[in-house]
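Going in written order, the chains are labelled A, B and C, and every chain counts its residues from 1.
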Amino acid sequence: MNQYIPILIFTLIAISFPIITLLLAKLVRSGSPNAVKAEPYECGVKMPTTAYDTRFSIRYYLIAVLFVVFDVETIFLFPWAVMFDKLALFGFIEMVVFLAILLVGYIYAWRRGALEWA
Amino acid sequence: MHAALIQFIVIPVVKIAVILGVVLLVVAYLTFAERKILAYMQVRLGPNRVGPKGWLQPIADGLKLFVKEDLIPAKAEKAVFLLAPAMIMIPALLAFSVIPFAPATKLFGLLPKAIPPYVTDINIALLFVLGISSIGVYGIILGGWSSNNKFSLMGGLRSAAQMVSYEVPMGFAIIAVLLMARSLSLVQIVKAQQAAHLWFFVPGILALGIYFICGVAETNRNPFDLPEAESELVAGFHTEYSGMKFAFFFLAEYTNMLVVSSLATIMFFGGWLRPFPNVAWLSFLGVVPPVIWFAVKVAGFIFVYMWFRGTFPRYRFDQLMQVGWKWLIPLSLANLVIVGAGVLLVKG
Amino acid sequence: MAFLSAHFVAIVFYVLAVLAVAGGVGVITFKNPVHSALSLLGTFLMVAGLFVLRHAEFLGAVQLLVYAGGIMVLFLFVIMLVNVRRLSPDAAFLSRRAPLAVLSGVVFGALIAFGVLAGSLGHPGGGATALQMVQGHVMGNTEAVGWTLYRHFLVPFEIVSVVLLVAMIGAIIFGRKDAGLEGRGGRMEP
């Protein structure tokens, strides 16, 4: 437990770093805002729409779901890897089966074009 | 003074202050190094006006950003717009809380007993670094979203998709190292390489390649610098940022490069160990302090980063996703099984 | 100072717990879905801290990596994909579901009360230890999880991969072009 105390302190210092820097900068920085400066920077052309009207490809959603699945899979590999010497061949086969089942999903995703981006 | 106070508060605070100071200084000079190295690669001189040979350039840059006007676009989501640069900077710095850059030392006899110079060592250090780095992606998504600028939003989402895609093969590559090191503690990973009489890049050469490619993609560096592709997205997720807030995005990128390089050094190149740590006749190499060995190895990786930038053109976004999902994932999985089988064979 | 060192774990626990609950309240009170998502992220991070405080380091890391680092990205993508900026308060929608909400609230409250009474939450941080005994060796948390999971829970572990497979296939079917999700409104190429 004690080895986490420095991390707690580090977190507090790291959080205060940007806050203090921004506050200090606020004291010294120049500033003369006007309406034109506050417009979105889009090549100087005044945009009739805002970014919130933009819609995005469903592929972003697919990528995120696939990522979560693979992320969970990776998490299962961590405790397996650190115990690998004790689990030996049994653990190896166990994990190959696990990965093989997920490989089916990966191949399915590939065949259905979920990994394509164009 | 209270003994516990010294042990748990004073010593960590001193260490953290020194480490943060060094990290920020190194990061500032990385920007200078990058400009100089790129300049020499392109047969020009690079920054050479501020101070002798331009050595005060990063200080001048920092001062400039510090006093610059800080614009917030009228239609931006103010609270999130303010939060985003902090959300990318804080995790980048936090990774250094567990990175061991040298073993316990007496500081040339200045201290009564040897203490470790790194902040702390935890059982799950590697997972901690990976987890904390994955928080950095929100700074990019939210920075892009809150700017209320199409280019920023697109840059932010692209970047997020890119970062999560490359996190997967990176994880698999790291598991291959864990099969050999059998610990998530970064200190133990270095010690395992000493015990094995072998730096892990030899059996893990493929893992190293995959890890580093993913590391370049995770830090949004060339040739994977799509999010800020200036020719199409102006500057991507930080188009609307100026002054110190922009500086945080900029510093975080370099800090993350340092984290990726440090992890590569620890996992594949024996961390602070000198070359051939178990060969007696090379013991004269021990004259060089461990922290210097660590710094030299990290500098090597940083140089490769800059070399990439001087060499490769940028990928197209669909190519980038293809490389991640169709090449690196199968390759890293295959590598994992091969390394696993190899470890089983060697152990008999 | 003496008070601080004596009650350090309890203080950290209460700070994390209060922030976690505050984050949870934020999720349902913020009008802007992105603010709600950020609030949830805060809760996830605090819960990760609570896990570490209970010596469940590995779970804390999983919380950080999977929930804070993975699932939240998915949430944010979905929010940006369906492009909801601000939810208009729909009283009729809420009142229709009020009985269900009360019921699940009561059940959940009872569960927590049971947990507290059963004594498992008696003293924050008490009881659990960071190191576990595995086969006569003292090991860390991750190693203990690995040993238990891969020695004693072989079948559930392999079933997890089937569950993940189903999730993957489901997502791909939902995201199909002919599912009609794509191409509506002003869709933009990435």
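Following the convention adopted for this analysis, contacts are C-beta pairs under 8 Å (C-beta built on N, C-alpha and C of every residue); 3 or more make two chains touch, one makes a residue touch a chain.
Nothing here was measured: the structure is a model prediction, and the numbers come from that model.
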Assign the assembly's chain-to-chain touch graph to one of these shapes: line, ring, star, complete, other.
complete
Which chain pair racks up the highest number of C-beta contacts?
A-B
Between chain A and chain C, what's the gap in Å when you average each chain's C-alpha atoms?
16
Approximate Å spacing (C-alpha centroids) for the pair chain B, chain C:
27
Residues of chain B whose C-beta touches two or more other chains:
122, 127-128, 145, 153-154, 157, 164, 167, 184, 317
Residues of chain C that touch two or more other chains: which are they?
58, 62, 65, 69-70, 73, 77, 80, 130, 142, 188, 190
Would you pick out the residues of chain A that each touch at least 2 other chains?
4, 52, 54, 56, 60, 63-64, 66-67, 71, 78, 81-83, 99, 106, 117
Chain B partner, complex, touching residues on chain A are 2-7, 9-11, 13-15, 17-19, 21-22, 24-26, 28-33, 35, 37-43, 47, 50-52, 54, 56, 60, 63-64, 66-67, 70-71, 74, 77-78, 81-85, 88-89, 92, 95-96, 99, 103, 106, 110, 115-118
Which of the residues in chain C come into contact with chain B in the complex?
1, 5, 32, 34-35, 38, 41, 45, 48, 57-58, 60-62, 64-65, 68-70, 72-73, 76-77, 80, 130, 140-142, 188, 190
So in the complex, which bits of chain C are touching chain A?
9, 12, 52-53, 55, 58, 62, 65-66, 69-71, 73-74, 77-78, 80-81, 83, 85, 125, 130, 134-135, 142-143, 145-147, 149-151, 154, 157-158, 160-162, 164-165, 167-169, 171-172, 175-176, 181-182, 184-190
Residue numbers of chain A touching chain C in their complex, please.
1, 4, 8, 52-69, 71-73, 75-76, 78-83, 86-87, 91, 94, 97-99, 101-102, 104-106, 108-109, 112, 114, 117
For a test of understanding, state which residues of chain B touch chain A in their complex under the given definition.
8-9, 12-13, 15-17, 20, 66-75, 82, 85-86, 89-90, 93-94, 96-98, 119-122, 127-128, 145, 147-154, 157, 161, 164-165, 167-168, 171-172, 175, 178-179, 182-184, 234, 239-240, 243-245, 248, 317-318, 321-322, 325-326, 329-330, 333, 336-337, 340-341, 343-344, 347
